[in-house]
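Letters are used for the chains, namely A, B, C and D, taken in the order the chains are written, and counting of residues starts over at 1 for each.
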Amino acid sequence: MAALLRVSGASKRFPGVQALDGVDLELRHGEVLALVGENGAGKSTLMKLLSGIDRPDEGEFFLDGSQYTPGNPRHAQELGISIIHQELNLMPDLTVAQNIFIGREPRVGGFVLSERALNRRTRELLARLGLPLEPTDLIGDLTVARQQMVEIAKALSFNARVLVMDEPTAALNETEVDTLFGLIRRFVTPATGVIYISHRMHELAQITDRITVLRDGRHVGTLDTATSTVPEVISLMVGRAITGEQRPRAAAATGDPVLSVRGLRTRALLRDVSFEVRRGEILGFAGLMGAGRTEVARAIVGADRKEGGTVAVHGREVAIAGPADAARAGIGYLSEDRKRYGVLLGRSVRDNVVLASMPRFTSPLGLVADRLIGRTATEYVDRLRIRTPSTGQLVQHLSGGNQQKTVVAKWLVRDCDVLIFDEPTRGIDVGAKDEIYALLDELAAAGKAIVMISSELPEVLRMSHRIAVMCQGRITAILDNTDATQENIMDYATRFNAEAAEGTVTT
Amino acid sequence: ACSDAADKPGGGDEKPYIALISKGFRHQFWQAVKAGAEQAAKEFNVTVTFEGAQEEGNVEQQIQLLQTVIDKKPDAIGFAAIDSQAAGPLMQQAKNDKIPVIAFDSGVDSDVPITTAATNNLAAAAEAAKHMAEKIGHEGKIAMVVHDQTSVTGVQRRDGFVDYMKKNEPKIQIVDTQYSGDPLKATDLAKAIITANPDLKGIYGSNEGAAIGVLHAVQERGLTGKMTVVGFDSGKDQIDAIKAGTMAGAITQNPVGIGYETVKAAVAAIKGETLPKTVDTGFYWYDKANIDDPKISAVLYQ
Amino acid sequence: MTSIPVKRPIAARMRGSVQQVLALASLIAILVFFSFASPYFFTPSNLVGILMAATVTGILALGTTFVIVAGGIDLSIGTGMILCGVMTGVFLTYWGWPVWAGVTGAILFGGLIGFVNGFNVSVLGLPPFIATLGMMLVASGLSLVISGTKPIYFKEHPDFQLLMNFSVIPGARFPLGVLIFLTLTVVAGVVLGKTIVGRYAFSIGSNEAATALSGVNVVRWKLTIYTIAGLFVGIAGVLAASRLSSAQPVGGMGLELEAIAAVVIGGTSLQGGRGSIAGTVVGALIVAVLTNGLRVTAVPQEWQSVVVGCVILVAVYVDMLRRKRA
Amino acid sequence: MTSIPVKRPIAARMRGSVQQVLALASLIAILVFFSFASPYFFTPSNLVGILMAATVTGILALGTTFVIVAGGIDLSIGTGMILCGVMTGVFLTYWGWPVWAGVTGAILFGGLIGFVNGFNVSVLGLPPFIATLGMMLVASGLSLVISGTKPIYFKEHPDFQLLMNFSVIPGARFPLGVLIFLTLTVVAGVVLGKTIVGRYAFSIGSNEAATALSGVNVVRWKLTIYTIAGLFVGIAGVLAASRLSSAQPVGGMGLELEAIAAVVIGGTSLQGGRGSIAGTVVGALIVAVLTNGLRVTAVPQEWQSVVVGCVILVAVYVDMLRRKRA
């Protein structure tokens, strides 16, 4: 029997980059195929070819043995290929239901919409998938994680034969990932198949049957998940061995508190959030989706309004009305929402890297030192291994992971005393993750105070000296690394407060 | 200025209320008409309001103004129509409401207005043409910068000029006609005309803005004194240019008189007196020779 | 997947209607103010006058709302309207068509202008600002060329003016044109709020790339949306010509800004993706009431635009404050 | 991680300059066309005339480029310029200030207008379209109010007109105003391209939220950017007044669209984040050359706006095609 989907000799070139170079790939009936590779290896590009967004320079696709040439995304969908793209593709001003059924709205008599039917069908779909979303919520009001769930619901609402998921879990945490895996397992039948792209190696063993590895736009091998190990996969990916997961070194730092937050409150969510971060310390933040970790960070840097509470840097209280004040006080914030709050997509890598530190590159007359900027950008591109043909490349042409590295570089250049990293390794490949971990360690060793918010528990456990666990806008525990386990973190992360559950979150 | 009417326009209890709707209000010409109207208002003890389209020549806006005014039920209306036919239904409405209408500045093509206080623009333009022909010696090429391509005054001041030349001056050739009443735009226009016609002998500007533009173009080209410029209306720039000899002369209407006569006629109409069908408010040719004549300087505005 | 149980975000769901009610409130505030300022303001005939003044700009604003919601802009509506008026004159007077045919023809001509705009924007990919700026210039030139720079009068059809002026309530001077405006408002409201065209307009304005990725034929729907705007331009042109009993070949410039202002005052975002017809109507009425009120209270004319400018700023600012708090 | 060996992306690095060169190419095409169409076109005096015609709009377009690059828009530049001209008259004639003080005062007044725009946009958070539309109306009214609806003449300072008209090359009639325009072009180019203001303008236009979260004081920089645009408005107003040796209190409406058109034809995106001063100058020259050429070749004026509209559409389309291919 022919494979469900076969890619043969696919090549794609962008100006300055050979993104794909004769890639072969085979998805069998009834399997979950992992597609892995470093940032910029060409995974997303391949999926864009499959869905008809881009056209291959060379190569052919076969669906159940017959040739398949997708003209556009709609065409691909009609043929049964449904894709969740790496970058979210939602309309923020429309509701959940309107987004899921865009282009397929239930209508009465041709042109008139039936909003009632639309919401009913959506509610049915969400109930079937077990996703806690309200059909009438506006997408723009949802967190990235919830938006990701909408994407998943949308992809599953088609009668797809092939489901492609490009890093669907990047914004999810462990519990939510489990739900997703449940959905995937229910989706897979002998007639269907899934291509699953992820940088989280431990997920592969849980859900996939085989693993296809891309490197530099080429197919370098396909392994059976059952008979291969993570280090094996990684070395295929990066062409060298990587040590992988490990618990952190040294005990908690004992320097002076650099950042002290007292009684932080916001109208929507936060209640009496207090913590401090010391010189040389990495404080991890763990919690379920919507626990309020991002909101803590945004409130500290003044991106959202505080209702109460104080922020002190080096023991001196600072009034922060906006991110500019925060930066002046030495607090930098790397957002979890790269596209919206992180990168300038239409500007060069160079411009992005120095954006937070422009005064440093400006003469007293206001002239910018382009030479110095270029040198600095090159230095960080090399250091973070950002894959780009030049520092002048527009960020929108970088792969997702490389965009993320660009944002990280921006804050490394700025050299703040306090760095708040919200999901810093989102979408970053294993090799680069290790490098970022090393960088964080280096920064801490250099005396910075670091807050790291992450939805990946292993990452939190590995990096943090102490771990703050949040639930419903409150800090339910601050654990020392030595005391922390996945189990007790989950326990504290689910200490719901009955009264809060009913009232405090809204309005 | 018209704020004395602010509180109770058309109250009718004491002073009669006369509403004037003009084509525009921003240009000096209309301000002079307004001044004349206010002078008459004082003299005859009536209340006058004066409004014009924000953008001169915008029929729609003017109709809007007229509608608002009719709704205020004034004792009489003075109306300078941008397009007389366009106002037909409202003229009818005014008649039904028994509000007498006096046309001014240009005629209203309707039997509703009791009288019309206006300049004969065709004749005035012909007068300008006559002087232009004399100054250039009855032969050669000339051009026109007309302030508006579609309005009645624009068309009449063009056609009156052209017709005169056609009839009386076979050796004069009008080589180009361009349209703009904005001084800056008219400057660039006139320069382009001069460029395309190196042997041009004179240019006619059909209102204040157009004439100023022509003057500056001539000056920027360094042709001052070599090019015959004939203008229309008054204003300080034209008066100075005529005194200095850089402009041969210009036609002036009697805007103050137009405003005055309109109000005067309205007062008569309110009293039920009969009026002649037209009140010619006249026009004058003025140049270096007669500019200080009291009769002339009385109708010039700075 | 565990998540925090939250109450239903009622605030967010009511946002749309609350917004309209509040814009309405500021309209009412202005109405009340002028009613006290002048005894002539709050009279039936003046109120009808205001509605008539709002009709043409209002209809233009209705059509433009579609374009702006879809993330575009249309600068050609002012001169396009003039051109449609001229075409009405051509059909009725030059070619002697019956009124119904001439009116239909002129409206369809407006649709054609919109279609060309849509083509330039969606097929050729020109920025909407440029595409419609070009059309604005072309239309203003064509009006002059076609009409021979002279107004066209409807001598063959003296009754054509009734289209705008016919009094639907005998004796009460409530003109047909205003009724047409109100009807069009309802139609536009339904089309934008309840049909697939409206849904895609919001979707495209919200995220065009994502809408395209979802399999919606964005090119086709943008064509449709600009064509709809064009049809409204056609209707406005016919009504303006009817009101003036003549097709005036000049003017129209500046009207596009007035219409866009009405749309934006009504709470529609120039970013696209958010807006409503009800808001647009309220926006158009705010501008019309303000202009009329200032005239009726005899504020010196040179001050009027200063006041209108300030009120627009304040109205939008108050609207924003309110929305931020909501 | 081995990086893919690629050829040096010279194409990408040259893109900026290539773009300008190509917009320039279409300017040159128009120049060549008219040179053949009329013997009077390509003469030194006519070329200087074109530059003079381009000066005021061009200076307005320079300032607007900053605003548009930063993702905003400024509709108040046309009437703002008129108001600055009137203020020049007030300072020089009514108050009898010396020329240097009056000119400086008027330019600073322009800066003030821009500052108010910037305040409304960045501090109050009004949409730029509305904020500057309001200012457009306010400025047009204030010009009339302040001047008493009469032009103000510079009787005390007969030499004021030399600012625009003084011939810098003796005998060759190359006016000072044009030299000022060229100088300002260089200044604007440096400020936008090489200084921190320009860098932030691009960043804000590209992604305002991300720029703010990078610790940039977006409010302050937007204020700065609108103020810069206002200063250019002030300069344009002074030069326009100087050219006519009088401050004309009317007009200016429509000029903003002309200036914005020049900016967009020059390749600056109305979305913000992309653009250049060189492009803007070329765009302004394209419009000026086209207008002049059509007049010199005596194309009937009613056709001119049709032709200008079409050429704008074609020029931008060609520019886009090229960029897509690059």
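Definition applied: a residue touches a chain if its C-beta (ideal position, glycine included) is under 8 Å from a C-beta of that chain, and two chains touch if they have at least 3 such contacts.
The chain lineup, named per UniProt: A = Monosaccharide-transporting ATPase; C, D = Ribose ABC transporter permease.
Since the structure is predicted, the reported quantities are computational estimates derived from the model, not experimental observations.
Asker: Between B-D and A-C, flag the pair that has more C-beta pairs in contact.
Answerer: Of the two interfaces, B-D and A-C, more C-beta pairs touch across A-C.
Asker: Starting from the mean Cα coordinates of subunit B and subunit D, work out the distance between those two points in Å.
Answerer: Taking the mean C-alpha position of each chain, the two centres sit 34 Å apart.
Asker: Give, as an integer number of Å, the spacing between the C-alpha centres of subunit D and subunit C.
Answerer: Roughly 30 Å, centre to centre.
Asker: What is the distance in Å between the mean C-alpha positions of subunit A and subunit C?
Answerer: Each chain's C-alpha centroid was found; their separation is 43 Å.
Asker: If you average the Cα atoms of subunit A and of subunit B to get two centres, how far apart are those centres in Å?
Answerer: 71
Asker: Can you list the subunit D residues in contact with two or more other chains?
Answerer: 144, 149, 253, 302
Asker: At which residue positions does subunit B touch at least two other chains?
Answerer: 25-26, 55, 149
Asker: Per the touch rule above, enumerate the chain pairs that touch, sorted by label.
Answerer: Listed by label, chains in contact pair as A-C, A-D, B-C, B-D, C-D.
Asker: Touching residues of subunit B toward subunit C in the complex: what are they?
Answerer: Subunit B residues touching subunit C: 1-3, 5-6, 8-10, 25-26, 49, 51-52, 54-55, 57-60, 63-65, 67-68, 71-72, 83, 85-89, 148-150, 155.
Asker: Can you list the residues on subunit B that touch subunit D in the complex?
Answerer: Residues of subunit B touching subunit D: 25-28, 31, 55, 149, 176, 178-179, 182-184, 187-189, 191-193, 195-198, 212, 216, 219-222, 235-237, 302.
Asker: Of all residues in subunit D, which touch subunit A in the complex?
Answerer: Residues in contact with subunit A: 1-4, 6-9, 11-13, 194-197, 199-200, 202-203, 206-207, 209-220, 273-274.
Asker: Which residues of subunit D touch subunit C once you look at their complex with the stated criterion?
Answerer: Going through subunit D, the ones touching subunit C are 75, 120, 124-127, 129-131, 133-138, 140-142, 144-145, 149, 253-254, 257, 260-261, 264-265, 269-270, 302-310, 312-313, 316-317, 320.
Asker: Of all residues in subunit A, which touch subunit D in the complex?
Answerer: Spelled out, the residues of subunit A in touch with subunit D are 15-18, 38, 216-217, 238-239, 301, 303, 322-324, 326-328, 332-333, 335, 340-347, 351, 355-356, 358-359, 362, 365-368, 370, 385, 387, 389-390, 392-393, 410, 414, 431-432.
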